[in-house]
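Given below, in the form of structure tokens, are the structures.
Consider the two complexes below, in which chain A is the common component and chain B and chain C are the respective partners.
Up next is the complex of A and B:
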């Protein structure tokens, strides 16, 4: 029972996190590509309840930042005007989930721009960029995992079920794919593609690459499961009754691999999110001005940014709850599978 | 730990003292022979300026190893920078005043028809190996530079009016240079032509091996020059060490022979960020070619060093379009785009949309200047002040596009889209160099600016060599953002860019004949100024060239970065200039204020 609770807990955490990213339009105060050229590298603004005269305000407010005279990137709070923070305000238009047009934002302000997590080199809101960037990175991870598991399951089952030369061939190919230097091949591939790649093409390319690289490991796992399951009594019995291969695979063998596939999925998604970040960090992901967690971090390649603007690291922090969520889910799944196996065994050999 | 360090220092001090005592007893001068006072037979050049003290070693970082120490074949910046400290020319352009000064030639005379230049060499000049220099070395030098088989990189500059210049020796110290047409730049021509030692190079020259000679790993005794420093040691991948040339021909006003420094060390540090770290840790004494962002990082925590902004340099950054006539090779897509690019109004509209102030502020952190022409505010002598500086105006841009037959429609997501006269949406890509963060940033700003006109622009960062290959060889691109830095303030240094036959005429290089009437006019004006004597006349012609460029916008000029440098406080006579080499131009006058600084290293 407690195992199920654990599982539910992690699932809820993940659903909430994904909803925040999916509903980026609502949670982000601004359009992620909108530049505010007067305010580059604005540090995260503070939300106050006490003003400069030590008066308490019920409604949270913030002070707008202004450039210190003669400086490019040093700001100070302008305490002469307190600007109230408004909730459920109307702001820049967006489409929720890419479908429903809306102007409603969780928070915002009518009088001045608020940057809770600061702004980047072009004065773009860092919070909005992290949320929208998450859509790209997470979707790449989820799609990549789906593609990988699909191929992995198919190839693994084929290899495990039809042993002999087919098994040999498929597994050697899988090893080959594990051994290839993918990053360098990807650079070469990019050189052959047309110069200007649209954001969608770039995104699909990343997913395709992740899927191509990733299928080998789950395929080997699935093959192992199939090898053992196909010798089990119930499968032999079904075969004895004349069940065809496809029926056996679908009805008896695939369900046995489900637990392995689910656990793999929970491990692979964060791994692939990280892969997308690596590719984008190296400039192979979605192009500017779109954001993804990887290309948000790419500005840290410059020493001056690294030492001057700490809030440019925040996209790296954003992935931590997602990682914990997925890894927690994976271990909860594994525990549940283990328990289930023990139950099953004990029912076979009642002592 | 700290105590240990101190005692180590003390013991070192004692060793130094002992050495100093020993040298006073045994040797009259320490290390190199140092002929302090001018010999009666020598005509030395006396330099004004702060009097320094002798000794010390200056360490500076280079972005990459110099490919060669051979002035004939040097084309890359590190090689030129190193050679600049090792070689000397007949007449030199002072990097601070941008005017000519006597160098190896103590005087020159130009005949009234402008065809004959008579140069007189200084008396008593010697190469860094002690071998005396005379007119035969100069004759040999120019014979080599003009020899087609040597492939000297700057050879074209010695061909005036289609004919190479001729050099004649009158006596061991007098030479006559004969031109077939008057040469506009006059004596500035002689800057940068390193005079070569005939006694070392004549034999290899006759064997045809000259261009392979003088790599950094050449043994120091097979090398000689006339510059302030001479070759001492080269460690591949690490450093190049130069030592003081004891025969250098300059002194300070007190008669001390220059240079002051004993050694000049070039460390090879491959990235800009690593150079900053080395400078910050005190490992290098000077830093140049700094980006604005690193400059502000260093300025924030100044300790023991000073940062200086020398003002806008000669680098100009610009956007240009593919205006090549590709004929049948061209794809239908590019042909369609070139219809827009060829329209002056389209280019003018883009120029009116560019937020140059934002570029200066966001890319250069305010340390730069907005540009409306190729001549930067740093080049005071040649800047045409009459070129208009129109403020950014989207209305202006829209009306220009309307006149050219463009229209707008609304996309499904509410964005407006620019539609060309044939009904196609305006979309193109801009190439930038992926290794240059500044230009990639500019392109991102441009992308946002042009979006406001309804143009969909994609930025494509590309590795620099494949970018150049696309622009000059395959010509498969839409638009490109690049920068050029002239090495001299004179318009002739950019001849290759403005002549339609030039290889750096980026938007349509190496044309057989000018494609447009305005390019033909620029060709005519540039060739005219080449042979026009006198600054005033040439300035008028070059002003007109700048006007034509501003009107036709083959390049949309964006901004020019300031020359930013940093130096340790202990170094004297630092006067950064906007011409290369920015800090090392007066390397013979640089000195260390206190001896302790060097002893501790």
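Up next is the complex of A and C:
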């Protein structure tokens, strides 16, 4: 029972996190490509309840930043003008989930720009970029995992069902892919695909590349399941009644592989998100001005950014809850599969 | 012996497969290194075609592959267009640096993981075990990219460690001891990043396999005979748990190589990683293929080493007829 609870807990965590990213338009105060060149690299702003005169305000407010006198890159709070933070305010238009046009934002301000997590070299809001970048990275991870699992399931089922030389060949190739360090494989694949492409093409390319990398492990696991399932009585019975191969695979064998595939999905998605991040971080993935968690971190490759603008590291911190969620889900699923197996065993030999 | 022979054959097969695979991928490449020259009006199409012929880019794929295999058999790995030099010496310098990093990291990670895992398993479910489990779980959810960047920021802000490169300026004039110290200081951060990235996985596996063995009747018997606790853990339990751990060692080589690729780029360590990235961006075909192949050789060597270890550690392999 507690296993079920655990599973639900992690699922809820993940759903909430994904909803926040999917609804980036609402949660982010600005458009991720909207620039403010007058104010590059603004540090994260603080939201106050107590003003400079130590008076308490019910409505949270912030002080806009201005250049410290005599400095050209050090900002300080301009305590003369407190700007109230407005919730459920109307701001820049966006399309929720790419469909529903809206102007409603969770928070914002009409008088000055607020950057809770600072801004980047072009004065773009870091929080908005992290949220929108998450859409790209997570979608790449999810799509990549779908492609991989599709390939993995197909190849694994083919290998397990049609044994003999086909099985041998497929599993040898799978072994090859398993043995390769994944980053090298990713690099090798990416090396031989076009470099200068449009952002959308680049995104699809990244999905294709990471989708092609990971099929071997799910394929082997699915093959194992198929090998044992196809000798089970209900499958043999169906075959005896003259069911065609395709029907057997789809109706009787595929459902049995579901738990393996689900567990693999929970393991693969964060790996692929990381793969996308790595590619984009290295400049081989999604290009600017589109933001992804990887290319948001790319500016850290400059020494000056590393020294002075620590908030450019925040995208890296933002992804950790997602990884935690997926890890938790994967281990909960694994435990469940384990428990399920024990159940099955005990039901096979009733004593 | 048959076992080792089979493993070696398997390794050779793997290397062949990888080289064939990379060549196949390269056939899909749109464009090559000389494409950018087309934009230059001072270079005539004829000379570009001549360059293609010179480097045999106009030949069909099987011919190129056969040619390249022949070159590899002679200890060459093709020719780098960008560096205008043979690939092998170019790669060799970089590979040495990568090896320095990965071998050190692997040694350190295992030296830490074994006692930590055994300690954790021997206090299964108690406070030390929980602390170790929580720490490894925390490290596990921090991806290596994030970890490496975080360490780099730490280094920059504290100024304790150099933030890139292999050695300091003026390295040549240092005394031998100073040279060693300088190198060690430069290695600290990348090695730390690699160790922290691989450690959690290793500790968890060591803990799991030792904990499994600790329940075995022979260990209870040994305990009953009054054999000291330490000897029991490290002499008997670890030995019995060695089999999956040695397989894990082979696997961890691959993870380390991948990790090192990234860490090298992030921390500007002059290893294979930055070279590979550069050559991908420049479409320097043979450097990419050579780099991937070289790392594959490391991987295979690591796996073979694991196989030899397994042969030595597990007497069942000597005697058993190899199962198909």
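Just so we're on the same page, the second predicted complex is superposed on the first by the 327 of 351 C-alpha atoms of A that agree within 3 Å, B and C clash if a C-alpha of one lies under 4 Å from a C-alpha of the other, contacts with A are read in each partner's own complex, and residues count from 1 in each chain.
Just so it is clear, a contact is a pair of C-beta atoms (placed from the backbone, for glycine too) under 8 Å apart; a residue touches a chain by one contact, two chains touch by 3 or more.
This one's a predicted model, so the numbers in the text were calculated from it and none came from an experiment.
Partner contacting the larger number of chain A residues, of chain B and chain C: C. In the superposed model, A:277 makes contact with chain C only, not with chain B. Legend: residue contacts after superposition of the two complexes on their common chain; A:179 is shown touching chain C, with no touch to chain B. Contacts of A:188 after superposition: chain C is touched, whereas chain B is not reached. Using the contact criterion defined above for the overlaid structures, shared-chain residue A:316 touches chain C, although it does not reach chain B. Of the two partner chains placed by the overlay, neither chain B nor chain C lies in contact with A:104. In the superposed pair of complexes, A:303 makes contact with chain B and with chain C alike. Once both structures are placed on chain A, chain A residues 191, 195, 283, 303, 307 are touched by chain B and, in the other complex, by chain C.
Of all residues in chain C, only 13-14, 17-18, 21-22, 25-26, 28-31, 137, 140-143, 145-146, 149-150, 152-153, 156-157, 163, 254-255, 257-259, 261-262, 265-266, 276-277, 279-281, 283, 288, 292, 295-296, 299, 303 touch chain A in the complex they form. Of all residues in chain A, only 33, 35, 37, 40, 72-73, 93, 95, 121-123, 191, 195-198, 283, 287-289, 302-305, 307-308 touch chain B in the complex they form. Across the complex, chain B meets chain A through its residues 272-273, 276-277, 291, 293-294, 296-297, 300, 355, 358, 361-362, 365-366, 413-414, 429, 431, 434, 437, 441, 444-445, 447-448, 458-462, 466, 476-478.
Note for the complex: chain A touches chain C at residues 172-173, 175-176, 179-184, 187-195, 274, 277-278, 281-284, 297, 300-301, 303, 306-307, 310, 313, 316-317, 319-320, 323-324, 327.
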